[in-house]
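Look at the two complexes coming up: chain A is in both, with chain B in one and chain C in the other.
And now, the complex of A and B:
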């Protein structure tokens, strides 16, 4: 029997923001539907309503013309609506099989048969008896999908499923999703990646500021048209620059970087060597958890390693702490905005004072020079178009994009010779991403260098002059970005090899 | 089903108001306990909280007890604000008193203006040294400062025990476990004739002023604040984490040492086993009740000092053991933590229907 899922006039209002504003959409089995939108467009709210996590203020959900009361995720499960969230709900130390058996009443023998059938049918290769922590992100996602499939779902909702996957894993996922679709499962695919919409989905609904702004067939759409609908304004296209770096001097050089950790949740780094030229952007790609955290902390001086040589502007800095490195005109923008790069409970100007370089005079003779810090903060707020001019505001009231602008502003206003940033646009909306990309390109134009550690391949291709991939703590060959394609990166990020023999 | 969620923004006014709510609830709770013990709760509470300070002598006793509490809590606030859990202030107080008392005993038959300052400095250095032990072990050997600082309390108490019964015991003291009386030059000057309140209170007030200045106006204070909120950020900003741990422990130890010296050169006048009724532990409650804020700590130390006095009065008039004071201190901490929990988290009760448990 075909499935027909309809949401009618759904509204959900949070204090100060309308998350869903009279949303009406219809989905029918046999097709893959994309739900496209920026961060905060209301996709997640709608999906949470469909999966029973929150209930709407207004409006109804119909499944095959029957009105559904979805008061809890269990209601959604009972009505055969399955959901795979972006962040996995798995117990890392339990085996795959144990994870799958947690929320069923079936006895283990039957369950194992059922799971094996699914594995065979969809060509999944997962060892059921190893702990989940040994699985790759793609395999973990498969476990989540199997968990849904065990309930014979009519509807399967995927929330930004590819954010943690390699190119290969993404391809595999798409093949599986198409198979599910052919079998009559209705698939709703939430994303902000335009290419995926075009290559996977049949129909696309675009949301903006809580409203559905367009519903169309994907074959009638192009990346540019979808992007315009999603952002609601013409996107200024950032051109990949073509810098001539041949005659530029090397300003940063890392030799024999090794790091061994006793902590099983940290990645060891093995013999990493690279250099960065003046005005160059070196991109370091990789799936998260392959050593980027450790690499960033060693480059910033938060972790000091012995035997490593880091030369910056002809000086050995490997034994210096972050503050001392800043004095040599390095700047750092870590991935974790909220608990590392800034403290939400601190006021804006206090967060600015974290980058306390010698010439700033923020702290003269050990005393706080509040006036100076506030003046400096005001300048950052205007120069980097943060949408407030109140330096006394607690940083927790800034949106992710504005907080990141503040952090980048704080790091860049000292005119550093080298900026090291790690996932600078993680979780931001398109407007903020564009702003940050432009800023990063601008500093390269001003002959300043950047090291961009990122899990976003598109971003790396857009900004980098040369790219290397980090996989399990080892760095690949560094390639000029003209040579690099998303596919090549995907292979390397997944642990494959692209060099023949 | 019960769901607990973090509140995103807690109003500052409410944050400083909750200690008052905790005190209010403590008084109610105390009344209930008195009722079940068979006393008229209103009357008993009056004996506990009003009678002790109804005359000038009582008020002087209140300030006398609040002085060490305030000093120690000020020191602890440096540690707690920067995420260092020094709970061994009692030991640092004792060790400070041993070192200060040792100096006082050297001068037992001498007079001179220089004697008291020397004792004070020696006591502060003693406390500082004793606090450095858990700090150094934490920074260089990764030990847990909670355990080390706590266990060192017993080390210093036993050392004091040994000294007062052994080498330092009063040769003319008929084998009582106590030292000689200190000379007059080794005693804190009294502020008023006939009252026990002494000059040590100025040390406490000085500590309040200085700590306010350091915490809110200096680079060290800024580093302490950031480290307390996020150690990751402190590391990222390149603060010298190890140095800071050593510094806050030294400040904390010095304050506790000063409190110890204040006791032995003030009301006690010699060394014996019972130089402190657990001021070092009670000051932890004072620090949190005062919200780690220097001026809040003044207020909190007065309140908690009152529980000491109230317990003594209650023992005299109601014949209940003076340990009820500790019951009250415990209740203050309990209600403070409980109201803090409700302040920072909200509890949601979600309806759960019977058949929801089945699929």
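And now, the complex of A and C:
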């Protein structure tokens, strides 16, 4: 029997924000539907309502023209609505099997048979008896999917499923989703990644500020049209600049960077040498896990290595810690916004104060100069168009994009000579990405330098003057970006080599 | 000191008896903590159990009523803790500390009229076997029913957590209440149940002290055993069997150091009194130093306040 899911006039209002404003949509089985929107557009709120986690202030959900009362996740399950959350709803310390058995009444033997059938059918390979915390993100997601499949769902909702996946895992996921769709499961796919919408989905609904602004067939859409609908204004195309760097001085130079670790989860770095000129952006490409983490930590001073020489503005800084390096006007923006760059439980101005150094005068005689920090924070919020002016807000309530703007602002307001950033736009929506790219280009225009470590080749090609690829802890030849193509990068990132001449 | 076989048997028997309240309270608290709730009120709940048990025994002259009553009193006082932390979302640590202080004060007040009243003999099982079999007799026989229960409890607890559906749910709630709630588990209800169970076991541990171990009411008679039980749970890395081992080591060294003091060895008394604490911690740290197991056993959400999205 085909499935027909309809939401009608759904509204959900939080203090100070309308998360869903009279949302009406219709979904039918046999198709994959995309729900597209920026962070904070109200997609997650809508699917949380569909899965019974929160209840709407107004409106109704119909499944096959029957009105549903979704007061708890149990109600959604009973009505065969399955949901894979963006932040996994798994129990890390329990085994895979225990995770799957917790909400079924089946006895363990039957359940194991059933799970093994699913594993075979969809070609998943997961050890059922190891704790979930030992699984990769892709495997965890599969566990979530299996949990849904065990209940023979009519509807499967995926909330930004690829944000934690590698490219290969993403491909695998898409294959599975298409299979589910063929089997008659209605799939709702929430994302802010435009390419995924075009390659996977049949129909797309775009949400903006809590409202549905468009519903269309994906074959009628292009990346640009979807992006404009999502952001709501014509996105300015960022132009790749062509700096003449020939006569510029070298500002930063790394020689003989070696790093050996006993930790099997860390990558050793082998004889890395490079230099950065004034006003230049050096891009470092690579698939994550090839030593970028270690490289970033060594450049920022979190890890100090012996025998390495790092010259910055004619001074040897290899033995200095991050704070001392900041005094020399370096700035850092690490990959993980929540655990490395900011403390989510602290208020905005407290996070700003973490980055204090001598000249900032945030602290006087051991006391916090709150007024000064707050003024400084306000300036960051306005200068870097963070979407709030409340410096007392806890940082965890900022969306990813706004948090990244805050972090970049905190780093840049001191006018550093060199900014080192690692995946600055990871997981952000188009609007925020654009803003951050513009900001990074502006730095170069002001004769300041950047080192951009990123796993996003498009971003690297757009922003870098020269690009190198890191693979298994080794750095490739550094190439001017004019001679680099995505294909060449792809080959190098996969460990291949490109013939010179 | 005569170190013959029958003496060692008696010694082991008395060590077992002294570790019973620790095993009971720690096993109860272990379940509470596995559900993600840190109740520092163990000492308070034990002392309330001790006075209620003793008072009920004096008033009703019925040991069964006294035992059940002590467990109920533990349930009631832990219900206060549950209401505050789960329904009113107060901080676990502060609430638990308050509960202990409250319990000690309340028990002293309730117990005023019961000071100096002699206790009653608690029935012991297999008394004849205790005398007739050397060595094993005093170890295995001649104990109260509560002692046998206490020594089975860690194994039951372990089975419950590892093998039963309910145990799985308790662990799931302690691991990630948000995920559990999204799976349709009533997190608050599960936590209430675990808190109340912990309370009943602490109450029973208290009653063991005032009815069986030293059958009388003395103000503050738990003398810090609640805190030891709490520490045992943590140092045993939330494993019931290790709690049992820890409790036996603590009880054992406490008794042995008393004997050593009596013999008059030239070791400072202060050091001897500190020995049980030191040795228990050292042994438990050594037997549970597998960091992977620690990670798997530790309730991730311990002492974190959970509230449901609306």
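The working rule: the second predicted complex is superposed on the first by the 283 of 501 C-alpha atoms of A that agree within 3 Å, B and C clash if a C-alpha of one lies under 4 Å from a C-alpha of the other, contacts with A are read in each partner's own complex, and residues count from 1 in each chain.
One rule holds in what follows: contacts are C-beta pairs under 8 Å (C-beta built on N, C-alpha and C of every residue); 3 or more make two chains touch, one makes a residue touch a chain.
Model, not experiment: these values are computed from the prediction.
Asks: After superposition on the shared chain, which partner residues are touched by A:302: those of chain B (first), chain C (second), both, or neither?
Replies: first
Asks: Under the stated touch criterion, which partner chain does A:324 make contact with: chain B (first), chain C (second), both, or neither?
Replies: After superposing on A, A:324 lies in contact with chain B but is clear of chain C.
Asks: Quick check on the superposed pair: does A:72 touch chain B, chain C, both, or neither? Answer first, second, both or neither.
Replies: The answer is both, since A:72 touches chain B and chain C.
Asks: Of the two partners chain B and chain C, which one touches more residues belonging to chain A?
Replies: B
Asks: Counting only touches as set out at the top, which of chain B and chain C does A:249 meet: first, second, both, neither?
Replies: A:249 sits against neither chain B nor chain C.
Asks: On the A-aligned overlay, A:131 touches which partner chain: chain B = first, chain C = second, or both, or neither?
Replies: Touch status of A:131: second partner only.
Asks: Could you tell me if A:334 is touching chain B, chain C, both of them or neither one (first, second, both, neither)?
Replies: first
Asks: Just chain B (first), just chain C (second), both, or neither: which does A:368 touch?
Replies: first
Asks: Overlap of the chain B and chain C footprints on chain A, residue-wise?
Replies: After superposing on chain A, chain A residues 72, 74, 77, 103 contact both chain B and chain C.
Asks: With touch defined as at the start, can you tell me which chain B residues reach chain A in the complex?
Replies: Contacts found on chain B: 8-9, 216-222, 225-226, 229-230, 232-233, 235-240, 350-351, 356, 358-359.
Asks: Which residues, counting only chain C, touch chain A once they are in their complex?
Replies: Residues 165, 168-169, 171-172, 175-176, 178-185, 295-298, 300, 309-310.
Asks: What part of chain A is in contact with chain C in the complex they form?
Replies: 48, 51, 53-55, 72-74, 77, 85, 88-94, 98, 101-103, 131, 133
Asks: Show me the residue ranges of chain A that touch chain B in the complex, using the header's touch definition.
Replies: 71-72, 74-75, 77-78, 103-105, 300-302, 321-326, 332, 334, 336, 339-343, 345-346, 350, 353-356, 363, 366-368, 394, 396
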